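Order of writing sets the chain letters: A, B, C, D and E. Residues in each chain are counted from 1.
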Amino acid sequence: MDTKIKIRNLNLYYGNFQALSDVEMDIYDNKITALIGPSGCGKSTFLRTLNRMNDLIGSVKIDGNVLLDNQNIYEKDYDVIRLRRKIGMVFQKPNPFPKSIYENIVYGPRIHGTKEKQKLDEIVETTLKEVALWDEVKDRLKKPAMGLSGGQQQRLCIARCLAVHPEIILMDEPTSALDPVATLRIESLLEELVKKYTIVIVTHNMQQAGRVSDYTSFFLNGKVLESDETDIIFSNPNNKKTEDYITGRFG
Amino acid sequence: GGGEEPAETNGQEEETLSGTIVIAGSTSVQPLSEELAAVFMDQYPDVTIEVQGGGSSVGVKSAADGIADIGAASREIKDSEKSLGLDEYVIAKDGIAVVVNPDSNIEDLTMEQIQKIYTGEITNWSAVGGSDANIVVVTREEGSGTRGAFIEITGVDGADGDMTTENALVQPSTGAVKQTVATTPDSIGYISLGALDDTVKGIKVEGVDVSVDNILDNSYKISRPFNYLTNGAVPEVVQAFLDFIFSVEGQEIVAQEFISVI
Amino acid sequence: MTNATETFELIVPKEKKFSKMINWKTYFFYFFIYLMATVTILVLIAIIGYILINGVLHIDWEFLTSEPSKMGKEGGIYSIIIGTLYLTLVSVVIAAPIGILAAVYFTEYAKESRWIKMIRFGTEILAGIPSIIFGLFGFTFFVIFLGFRWSILSGGLTLAMMILPTLIRATEESLKTVPRSYREGSLSLGATKWQTIIKVVLPSCLSGILTGLILGIGRAVGETAAVMLTAGSSLGVPHALTDPARTMSVHLYILASEGLSREKTFATASLLIILVLIINMIANMVTQRYIKKAKA
Amino acid sequence: MKAFEKAIEKLLLICAITATLSVVIITLFIFKEGVSVLKDYGIVNFIFGSKWSPTNGQYGILPLIAGSLSVTLGALVIGIPTGLACAIFLSEVAHKRSAKVLKSAVELLAGIPSVVYGFFGLAVLVPGIRQYILPMVQLINKDATTSGFSILAGAIILAIMILPTIVSISENAISSVPIEYKEASLALGANHQETITRVIVPAAKSGIISSIILGMGRAIGETMAVILITGNMPKVPGSALDSVATLTGTIAMEMGYATPEHQKALFAVGIVLFIMIVLLNIAANFTLHKLGGQTND
Amino acid sequence: MDTKIKIRNLNLYYGNFQALSDVEMDIYDNKITALIGPSGCGKSTFLRTLNRMNDLIGSVKIDGNVLLDNQNIYEKDYDVIRLRRKIGMVFQKPNPFPKSIYENIVYGPRIHGTKEKQKLDEIVETTLKEVALWDEVKDRLKKPAMGLSGGQQQRLCIARCLAVHPEIILMDEPTSALDPVATLRIESLLEELVKKYTIVIVTHNMQQAGRVSDYTSFFLNGKVLESDETDIIFSNPNNKKTEDYITGRFG
């Protein structure tokens, strides 16, 4: 089992507020890692350090190492654009661009230089099939993506992210805005995807974490309190607070 | 002002003179109206005179509608306006100076040359003895009193009406014409004599310099009247003001910048 | 997409080429953006600088406090400052209550009916009408038809109509920033709608409304064509609503187009710019406080 | 209590209607004054007549329409790229602090009275065009002449005047594009510039278009600045260096001196202007509605 | 045990969309009733029909009966203002007015005609004590309420609501924006309040529902699937879907 990303001694500050303290974690190849913890504990912040999305926020200061394939992504000349191609991201609220379904998917490939229509068509078909959306939308590829239902939009966003061939997919509460049926579809999709991709998922839903993930990390107040195989965390946590949280004593 | 002595005599005779006079209309007449009003109000502290701009036709209209006691117009009253039955008083005359850019070598033009320049028949200064350069014609806006007088006297106003060339720049005021001519090479324009100064070059017309004397003795031809218009019987205070304007003292004020009518 | 390292090697050389190509576009893009921003700033500096350099030195106490004579060729601009203040005040006093209440109606009461759409459309049209049309209208309606003559009243009413849309829009915008939760909080305590508006909604967007007012004042101060046709251009100091007045913009237009006095023209223009600067500064300060408060 | 609330609502409704009422009264009065000329002279003759010479009884406003449109178009050609670039600079490129300074600077441009612009154009721009632009143009076209009073001068000044409208509304629109779009694009490995041109600006297009339409309205309606710098020559222009007269300028300039008949003709010009603005507004609403329908939902 | 509110045959439409179908429920005096169900199932909508807050939304159409003390609140001349005094409401996000702490609390009483300073002072003190906030804020009553922490703000909102002497308090996920500590304080506050008031609470947190409520109603797609004593619902639900939801199978 290979370690895809190694996080060592990671600290993150929003201005003076320390949002992450001394985070250490390993993320394994072709596994699903779930991040859990009460609201505001730093899950999203942590997730966004992995593809350097926090660079966008002016007041952020980061120190520590995030090693992707043994290379520190916070190194001075590290190519952020390449990083973000390698590490795709799916957000809490489905966020398709206000363009057609087709345009949403080819956006990434186009940016990265693919121009031939035929190739683009191919990408659209493959990725939509991968997220099991092809049959539902194949007749309306040129229609606005905004016309899809929430669950379909989220799957489209996943497809859009697959279209640039990432190795890792980060997901920040990808089902929290979805209805139960859509949630179940995404969950079973995750099981498919993990065969080819490494997945990190933030979730508020304990049961979801238990169902889909291989590893789970519990965050509290910017610290990782506990990190282990999901079965162990859920059946036999080391930390009293982890147990309290998982059993719904707080959060 | 030298209104010291008359002020006392008038003051004794008509101590009760009071009220408000509204004058509205031509902006060309406005400075003169203000000057006259200032002196008159000095003499009769109970009288208020408001001087409004607006333009000649505003003058005509407001006198007719009774918005103003006196309408001021810097042009002849049109036939269509005559029917309004207003009383006209020519209170002053204003010479119109033909001016060119100060760098021009033109000194003198004949009426015919001016007419041809303004109708667009002559478009190059070389045709009237100047250097080889296109003439930039500057005129006033349609309806302007100055323009009306100018085209009529110079013959630009032909059988088919106003024949001013389409290629003329149009400026909305004396000052704007002056400024344009002053800064635009090879330009020609016309402005009120009162506004003539050395930023532009006033030229002779038919060999005659533009000056008050030459206008008074009719050797310089281009001038226009300043009209005051009233509607029907006027209040005492307005009549007193009109009388004042046509008095020696009033016309002295007129003569400071314009041409007296007596 | 089978093995990570394989893809890695495949992609690197390709990507180098792309990034070169993309960089050119990107450089040009940023060059253009920076260029335009710089040009805009330079133009602003040029206009304001040109006028202030030529005019500021001619502004002195004398100029501010003496009355103009000879159409403004001589003397100061005291009566014109007074006229400007008067006219602006009147127009704002007329427009502010109507504008604010109308905005309250639009945001708090109006339902999306065809009627409301038409009324809204009317407001939009009013915002788009050129000032010269307001001038024509004010002249025929207030000055002549209603017999108000050239007066602060005619001018003020005309200007009030002109700044009404600005006020409505600004107030509406700031009303919209009031969180729904304030309204719900108040209503759930048994307050009526009007109580909610007066006691919670309006107080919490006061500075937004104030900003709108200041914008309206700016527009009133800067207007020329409409004022000239309705408030007249008489030089005297106005004492009553029925007196005519000349505002600084009108005065500047007359000075500039009649070419009466270069000095006075620049001095008046400078004063006008300084006034607008001050108005903008106040507006900015108010908005800043507003933003701070909203963040707290 | 209920009655009081009802009364308040009625009062507010009356205030809201005031604006619309104003439009109705304005329309009524402008039409009352001007419509007789349109009737007597014939609408077609009036609008398509190529000679504006009121003292001769010729009321063709085609040259005036051409003048207004050409100056406005010029202003848009200059103002849109500049304004859009500034808006992007403010919302996406500049640091917060410099953006704030630049924004208030641009807003200052909006506050400067239009007469000041006209005055500046007259003193600086008109001579500048004659001295610097003309020689450049003459390199290509030897016969070109200009007095400096021109479409170009008007367009430049109007472009500056509509800049604040375009910048501030577009900036708002761009800033209010949900950050989700930006994040999504960046997360796909797009760089900032690609994100701006391919996602953010397209997503803000309805705001940007409405800023342009408002700017256009302002440009068509502007009066005092244009009078001073376009030369007011009622002739259909042949090039950007020609002088033109505009609808608004002609009204403002000639109103004062006009005879009653002439004055009515000017009111008729006002009607045309008014209708143009209303059409522009309707077109704007229509476009925005269409665009809005596409982007939202 | 008295029934405070009887809901019978309630249907609610947003335009053409039916958000509540045939809802029947009894809400008992001096008990806590919890409303649970996945996102979008109509919990908030239902809660807001009880104090007619939905009246504010133009497109809403309601039919059916809501009987408060045996009087239908949707009757034609029913006094909504009095209704809302009787039924207080606490929202998901604490929403104090941008005024001082003091002003927040006296807002309601003032609106309803209490003018005397002394009386108002008294109200402020009693209600703040009731929500256990008095000791924390008694020295800063004139300071902006916005300066309080999230949990304090929420308690202030409860106090503000108590100040108009309601009989019933509706709470829409009152702790979802709060940290664990603040959540526990509110929960223990509920136990105090229920002695004097009838409480209806919407919550996403199963454990919270289990801990604090006496009765629980499970909503799904605008319908009440099951409604019973909390212990029964949690230990032995009738409906398979209720069970799935409670055990985190979806939602």
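Side notes on the structure shown:
Here is the rule we go by: a residue touches a chain if its C-beta (ideal position, glycine included) is under 8 Å from a C-beta of that chain, and two chains touch if they have at least 3 such contacts.
All values derive from a computational prediction rather than experimental measurement.
The chains that touch chain D as well as chain E are A, C. Listing every chain that touches chain B and chain E alike gives C.
Looking at B-D and B-C side by side, the one with more C-beta contacts is B-D. Remark: the per-chain Cα centre closest to the mean position of all protein Cα atoms belongs to C. Mean C-alpha position of chain C lies 16 Å from that of chain D. Separating the CA-averaged centres of chain A and chain B is a span of 82 Å.
One finds 45 Å separating the Cα centroids of chain C and chain E.
With centres defined as mean CA coordinates, chain D is found 48 Å away from chain A. Along chain B, residues 27, 53-54, 172, 176, 179 each make contact with two or more other chains. Chain contacts: chain A has residues 81-82, 85, 112 touching two or more partner chains. Counting partner chains per residue, chain C shows two or more touched chains at residues 192, 229, 256-257. The residues of chain D lying in touch with chain A in their complex are 96, 178, 180-191, 194, 198-199, 202-203, 294-297.
Interface of chain B with chain C (complex): residues 22, 24, 27, 30-31, 34-35, 38, 48, 50-54, 65, 67, 172-176, 178-179, 195. Remark: chain A residues 38-40, 176-177, 179-180, 183-184, 205-208, 210, 247-251 touch chain E in the complex. Remark: chain A residues 51, 53, 56, 58, 81-85, 88-89, 91, 93, 95-99, 107-108, 111-112, 144, 146-147, 157, 160-161, 164 touch chain D in the complex.
Chain C contributes residues 111-112, 179, 181-192, 195, 199-200, 203-204, 293, 296 to its touches with chain E in the complex.
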